[in-house]
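Residue numbering begins at 1 within each chain, and the chains themselves are lettered A, B and C in the order written.
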Amino acid sequence: MQRVVKVTNDYIAEAILQKFPESIRSIEESYATLDIVVAKEKIIEIITWFKTHEVLQFNFLTSLCGVHFPDKKDEELSVVYHMHSFINNIRLRIHVFLPISLPEIPTLTGVFAGANWMERETFEFYGVKFDGHPDLRIILNEESMTYHPLRKEYPLIDDSRTDKDDKYFGR
Amino acid sequence: MENKISEAPEMYVGEGYGLTRLDKVVGLARANSIWPLPFATSCCGIEFMATMAATYDLGRFGAERLSFSPRQADLLMVMGTIAKKMGPVLKQVYTQMAEPKWVIAVGACASSGGIFDTYSVLQGIDKVIPVDVYVPGCPPPPEAILDGILKIQELMKNESLGRRSSPEYLQLLEKYGID
Amino acid sequence: MTIQELIKMINISGGSSEHDHIMHGKEITEKEIKQYNFLNLGPTHPATHGIFQNVLKMDGEIIVDAEPTIGYIHRAFEKLAEHRPFYQIPTITDRLNYCSAPINNIGWHLTVEKLLKIETPKRVDYLRVIIMELARIADHIVCNSVIAVDTGALTGFLYVFQWREKIYEIYEQICGARLTTNIGRIGGFERDFSENVFLNINSFLKEFPKVLSEFEKLVMRNRIFMDRTIDVGKITPERALEYSFSGPNLRAAGVDYDVRVMSPYCSYEDFDFKIPVGTAGDSYDRFCVRQEEMWQSLSIIQQAVQNMPQGSYHADVPEFYLPPKEEVYGSMEGLIWHFKIVMGEIDVPKGQVYHSVEGGNGELGFYLVSDGGRQPYRLHFRRPSFIYYQAYPEMIVGSMLSDAILTMSSMNVIAGELDA
């Protein structure tokens, strides 16, 4: 089958705006990659649409991670999805912002099996709860870990280190 | 190449016999047939592979036979970062080893936590088990690992027979909560 | 957690891992224990080449269910990266996939260069390609010789490891380190390659093919090896894509995805090389793909050495490239630039970039969020091992225990990369 459409960032932006006009918060391009901010309710639907779209075919979930912005009111946590279309060789970044008081988002494991551990990692690091995840447990640290270490308020070092004299380190 | 055998300990030699202390002979035997247990977790483990391979050949020092079972090992080589999650496992492996046993901490991470001054990393394995020799480096080159082995051999040669039941040693173990 | 609490925790759990009686977060029932055998493989099992724990539910020697537990060397790379200036992060990336550390270094430098919009001279690109392909060979040597060890052939391992030492020697002559090289800087290299380096590379190019083909003859058509690896640990291309596989493991399943071709970096478009692709997605195909990749890497290095452009070994970016020490000590300007870089007084643009390189194990990506500070605001590593190791239970269910070990070594899971 010969493809006639050359998929560019503009093409993707137009297509998604047409399909989900009310769920798209913003679209911009940085460093030749499209950044799309979407509402969390529609995230799974949008990613599924991208995956199954007959022209776009974003068939590869490159990565899934979280970011913490403590200063953004009610948008403290963000989940970032990187997708890649092998057919068109184009990448895409989707952001979802969540309030830290209710960090809940539907799980992507039904669409991409590989999202499983990435979501567990994001849950562990940032406390994002993925609704419907089959096994949402801490994955890297001990299971008795009580906080989410990558949130900005937690320090890099905990106090099990005894040999450091703070006055030599300017702390 | 001349087939070099290890030197005999100091002896009183007469016709057809030699007299020496028992601990010297035992030390000689221990030092030249170490069975190391490689507890390799990360980067240093790769350098240990290089140490075991043909170029550096740990076999030259009588430590060719790696013992993957702690029951039969007498040298625990901890190579790489020990995270807090790994701490209990390391301790269990140490307690499973039979006396006499020695421990060598290879690399900065095992010795002190190294560059990983973070919430998830144990800041040196001497927080949970006693250590005999520390090898610096991140990771140490095979020469340094060999040097550590030679240092361990020195310790083995010169250890008195009563050390493992001495009150000081028992106190040391008690400090770490090992019976 | 204070040190007393830590020691207490370690003493209480007393070593017996809590995962012994738990599978998928649930207690193993009496009935299951009567019906099946439960085997706790790891985390320090000698056959697993690193610290991976798997609780296996077995019916005789057949694996019915498996649950991997990871995180035994979780070192908090991502948190650590938020506390280190850009030029100190190569020390962290080195220790991700320590079998091919230079690829990680250069991947990180390329990410920063993308953020800062730095154009590197052609010579830098070619030198980087040489280093990265040498690292790929070093990585695949470990993986493939270890597969051979797991099928009972220690000879190959001892033999090819000598040539891994040769690669180390080349690294040593470039940067002074063997394994965790910390090679390169933002914008290029710290110094140019010496005559000796090129001599060594040329002699490596001349001698290694002989060794590699001997290793191949020893193993590849060996009856025992083939019986042990063919149809072991199979995965279909569809499932592999579902699981976001990349690198040799994905290519062995038959998908020709290679970052070097799809989104070329470092002037990879100048080189003529082939992407080996498997058909079955089993351990044997993974071995063959890696083997062929080594041949292709040799050819790429050959081309790079032959067509090495003249020019500078670093980009002309005094704001980010540390000046040579003579200038720092001898001139005011040099001292000022050095001070400014080290103290982080130079503004970096705000923004987010994602850049990926073809690492030893697959697509190694760096997602960098910069808020204009001297450290990354957030740095996420896309670690291929972490992503494809999820599929491990699916790949070993229904096979024998000994096949499970072989599958793991043929996937080349590197603990440092897995646990971050």
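Note that contacts are C-beta pairs under 8 Å (C-beta built on N, C-alpha and C of every residue); 3 or more make two chains touch, one makes a residue touch a chain.
Because the structure is a prediction, the values reported are computed rather than measured.
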{"item": "Arrangement of touching chains [line / ring / star / complete / other]", "value": "complete"}
{"item": "Higher-contact pair (C-beta pairs counted), A-B versus B-C", "value": "B-C"}
{"item": "Gap in Å, rounded to a whole number, between the CA centres of chain C and chain A", "value": "23"}
{"item": "Distance from the mean Cα position of chain B to that of chain A, given in whole angstrom", "value": "46"}
{"item": "Approximate Å spacing (C-alpha centroids) for the pair chain B, chain C", "value": "29"}
{"item": "Chain C residues counted as touching two or more neighbouring chains", "value": "1, 3, 6, 9, 71, 74, 76, 79-80, 419"}
{"item": "Residues of chain A engaged with two or more neighbouring chains", "value": "140-142, 149, 156, 158, 160-162"}
{"item": "Where chain B touches two or more other chains at once, by residue number", "value": "84-85, 118-120"}
{"item": "Residues of chain A defined as touching chain B within the complex", "value": "140-142, 149, 154-158, 160-163"}
{"item": "Partner chain A, residues of chain C touching it in the complex", "value": "1-3, 5-6, 9, 18, 24-25, 70-71, 74, 76, 78-80, 82-83, 114-115, 239, 241-245, 255, 257, 262-263, 351-354, 356, 363, 365, 367, 369, 377-378, 380, 382, 386-391, 419-420"}
{"item": "Residue numbers on chain A that touch chain C, as the complex places them", "value": "30-31, 33, 35, 59-63, 65, 67-68, 80, 82, 86, 89, 91, 93, 112-114, 116-118, 121, 125, 135, 137, 139-144, 149-150, 156, 158-162"}
{"item": "Residue ranges of chain B in contact with chain C within the complex", "value": "39-43, 45-47, 49-50, 53-55, 66, 68, 80-89, 91-93, 95, 115-116, 118-122, 127-128, 138-139, 141, 177"}
{"item": "Complex contact set, residues of chain C against chain B", "value": "1, 3, 6-7, 9-11, 13-17, 43-44, 46, 50-51, 71-76, 79-80, 91-92, 94-95, 98-99, 142, 157-159, 161-162, 164-165, 168, 178-180, 415-416, 419"}
